[in-house]
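Before anything else, here's the structure in question.
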């Protein structure tokens, strides 16, 4: 049993890294634009399909295809932001938070359903990054998962470096703390919003491209990660990138252990999907600031 | 505009890119000669309107729904090319149900009231079919149910309702009998939480209980894609399971099959694997399952290749040419249903419901799935208007990218093409 | 002017009452479902548009009311109308509970919380199939056994009128002012003496109660329930209805629901394209006509009307 739990934890760790990549994107968008992006899961789905078509139509090898998928997800997000989110920055818009919720929710409905028409209903699977599996004693993990976790860690590391060490990152950070002060020191806040929404989308897209060979791609694949990412972002403290990385891994591992330890096996898998949602609800009720967050219970 | 770019793998398209030059020439020839055949062969006059119901958008199982719709459209083209029925062309109104009972109900009302259909066929989700048959029963409109397996559909005993697909009690009793015959002693079962999954588990379990075969069960939501935890749990069980049986039809079935293979649970020398529900005979199976599909067992609800008649051969050929994939059983059922209704209208000489129902009860029409006949016996209740000889074979792939029709048949023994009942990889 | 408005209302009532005799059974079914959605869209509007309590969990209460009513009738052999009432009451109580526990949560957090609540409930209904029938569906006893759907139509019409009347009375009373005050600025409202806690719980309870009532009616009408009615896509459809009509007015939301449901039917042959279209319409409405298409159309009508025709009130509003 102990061995089974250890193996389960390792599996959860890998999934947790992917969750963290998705959630980090959501966090960037939240901290700069002050909106919750309800279409984040759909950008993740689009990233998966971008990866697939870049490989199958342009013949680009799987690993470089991740970067192309990221770039395309970035462009798609920027286009959506330019077309639909600009009222968020206008002083005449009333109740901006409602606007943000409804518009991103509308984008999610639109993308999920247009995907069926564009990509067809059948699940598609891009080729593996590396075939075969890592076997150590009783522990088995496909190289695709190992690679996805490694790439996820690398992407998260780059993101932390980017936000902390570059002037771009510092500019974004400044805008996230105060729009007005950032404007005073000469930071172009409009550009910061566009960059942040694009960057967040690029991370969702990267996660989609990474899981492509692990799970098959379907138009509705974004629904589940979307709510999971909310749970992570809330647990990690809205707006904290480091917090959401830790929370992502925490949720991944505890979700795996939940299935392993759930007393009734005929229900364990079903309720696993509700697990992160329950965490989300409890955190919102008991500690709305999350584990590592600032106070953010109301948004102005 | 179904598909852009991925034409080689994706079979479903309304643009009909696969329409070969040869078929076009044949069609053109048929059109040119039609006037010479005189009035009878030319489908003229008011069209006879049939209705089709099924999921074409989420949350329904639109992947299969679209294939069923395409197959129905093929049948109608062919019927009309032969001069229609009673000198009139056939027209089908397609109604999307989104896989929801309420939508199915309004779709059914619409077909009956607005489109004045004389009969309806199609469906894919049992709960939706159960809502629809209430409407068809209320108005007395004949309905041929395709690819819905719940026993309740025919068990209601409505005279308007027929089923040309198999039923849970038929299919899963066969699977259970095969498990006993193949000598499995210890079975791990994983089923999806929906009408087919749960009924199926019950039916299989009943057979296993009778033969004292031990089994353990787990359920999963149909939308699940990561089964690692559950598979590892099965894998760590002592003594080792000798069969991993899953009833999982949704997209997650591919992930499950691959994860089971990659994690070294099944297929192995000790543990065989079976997936029920149709995912393993769908067009994108091999692309998604890869090498993990080799040695997988599943059921094929079409005729075994040895039993193929001319219609099966012609249908498979046209469908494959058009959609670049061999047709799943549900598509054949939808195709045959259109023909069955057309033939029943022809035989009864009119479009009155009573005549059509009577003609269906006495039909012996031969379609792509063999010679049809519908039971009129009501004991047990689900036999009523059920196609009792619905073809069903259990197959096991032994090569990568093998088509379901070419895979070795394990069961029933009268169709078997190999001496063994199960082959485990060494 | 008052007489004209009364005449309009009487005409509308006459059409609504005669509707079953004017259309065939199919359009009658569509009409009943449209009113089902209208109750949901209107109560969502009360919660979101008037009181500013952003919820994506409204369909959960529809599904709760529906399942509770059906199961009570099945277990306790209650008469169907009593079951419906108890189902609606239960949705109301649970709604008040959700309103209570969510007192500290606002805006997008509330949207996320309610969405999670809705998904958890859907998963429970799907998983506990021994009780709910799971995805195979739960058979529900009918309210009427007649061949025609006309009795269902009148019940739906009655429920719609009653729920609209109750909600309209609420928003046009002093309570309506309190709701708006809470929506605009909760702290300021509290400082001005509005009992924020009481009114937030109240609006959640009332809106959820009517959603539950709609659900409790839906079950016996359709005859079978599946957990899908609580899905995110269904919520999206209701949001689209309310926003396209205008989510800051009960009547606009109702008209939005009726017209979108008619559109859903008219476009049935276009299966997959329908939700794409509604998603797009939702986006365009939000982006370019935030008060809904109805308000936009109304403005156009008014602009074309000579100023002398306008009532003093309307002129005031225009300025």
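Think of it as A, B and C in the order they're written, each chain with its own count starting at 1.
In this section, a residue touches a chain if its C-beta (ideal position, glycine included) is under 8 Å from a C-beta of that chain, and two chains touch if they have at least 3 such contacts.
Since we're looking at a predicted model, the values are computed, not measured.
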How is the touch graph of the chains shaped: line, ring, star, complete or other?
-> complete
Please flag the chain sitting at the greatest distance from subunit A, going by CA centroids.
-> B
Given the two chain pairs A-C and B-C, which is bridged by the higher number of C-beta pairs in contact?
-> A-C
When the centre of a chain is set as the mean of its C-alpha atoms, what distance in Å lies between subunit A and subunit B?
-> 37
Per the C-alpha means, the centres of subunit A and subunit C lie apart by a whole-Å value of 32
Chain centres from averaged Cα atoms put subunit B and subunit C apart, in whole Å, by 38
Specify, in ascending order, the residues of subunit C that touch 2 or more different other chains.
-> 123, 126-127, 233, 272, 275
Multi-chain contact sites of subunit A, meaning residues that touch two or more partners = 112-113, 116-117, 223, 267, 270, 273
Where does subunit B touch two or more other chains at once, residue-wise?
-> 57-58, 62, 193, 219, 221
Could you pull out which subunit A residues touch subunit B in their complex?
-> 3-4, 7-8, 11, 15, 53, 56-57, 112-113, 116-125, 133, 135, 140, 142, 214-216, 218-221, 223-224, 256, 259-260, 265-270, 272-273
Subunit A partner contacts - residues on subunit C that touch it in the complex = 48, 52, 54, 56, 101-102, 104-109, 111-113, 115-117, 119-120, 123-124, 126-127, 183, 232-233, 236, 239-240, 243, 272-273, 275-276, 278-280, 282-283, 286-287, 290
Residues of subunit A touching subunit C in their complex?
-> 35-36, 38, 83-84, 87, 95, 97-103, 105-114, 116-117, 223, 227, 230-231, 234, 267, 270-271, 273-274, 277-278, 280-281, 284-285, 288, 297-299
Which positions of subunit B touch subunit A when the two form their complex?
-> 1-6, 9-12, 57-58, 62-63, 66, 193, 216-221, 223-230, 232-233, 236, 251, 254-255, 262-264, 282-284, 287-288, 290
Which of the residues in subunit B come into contact with subunit C in the complex?
-> 56-59, 62, 93-96, 98-102, 105-107, 109-110, 112-114, 126-127, 130-131, 134, 138, 150, 193-195, 198-199, 219, 221-222
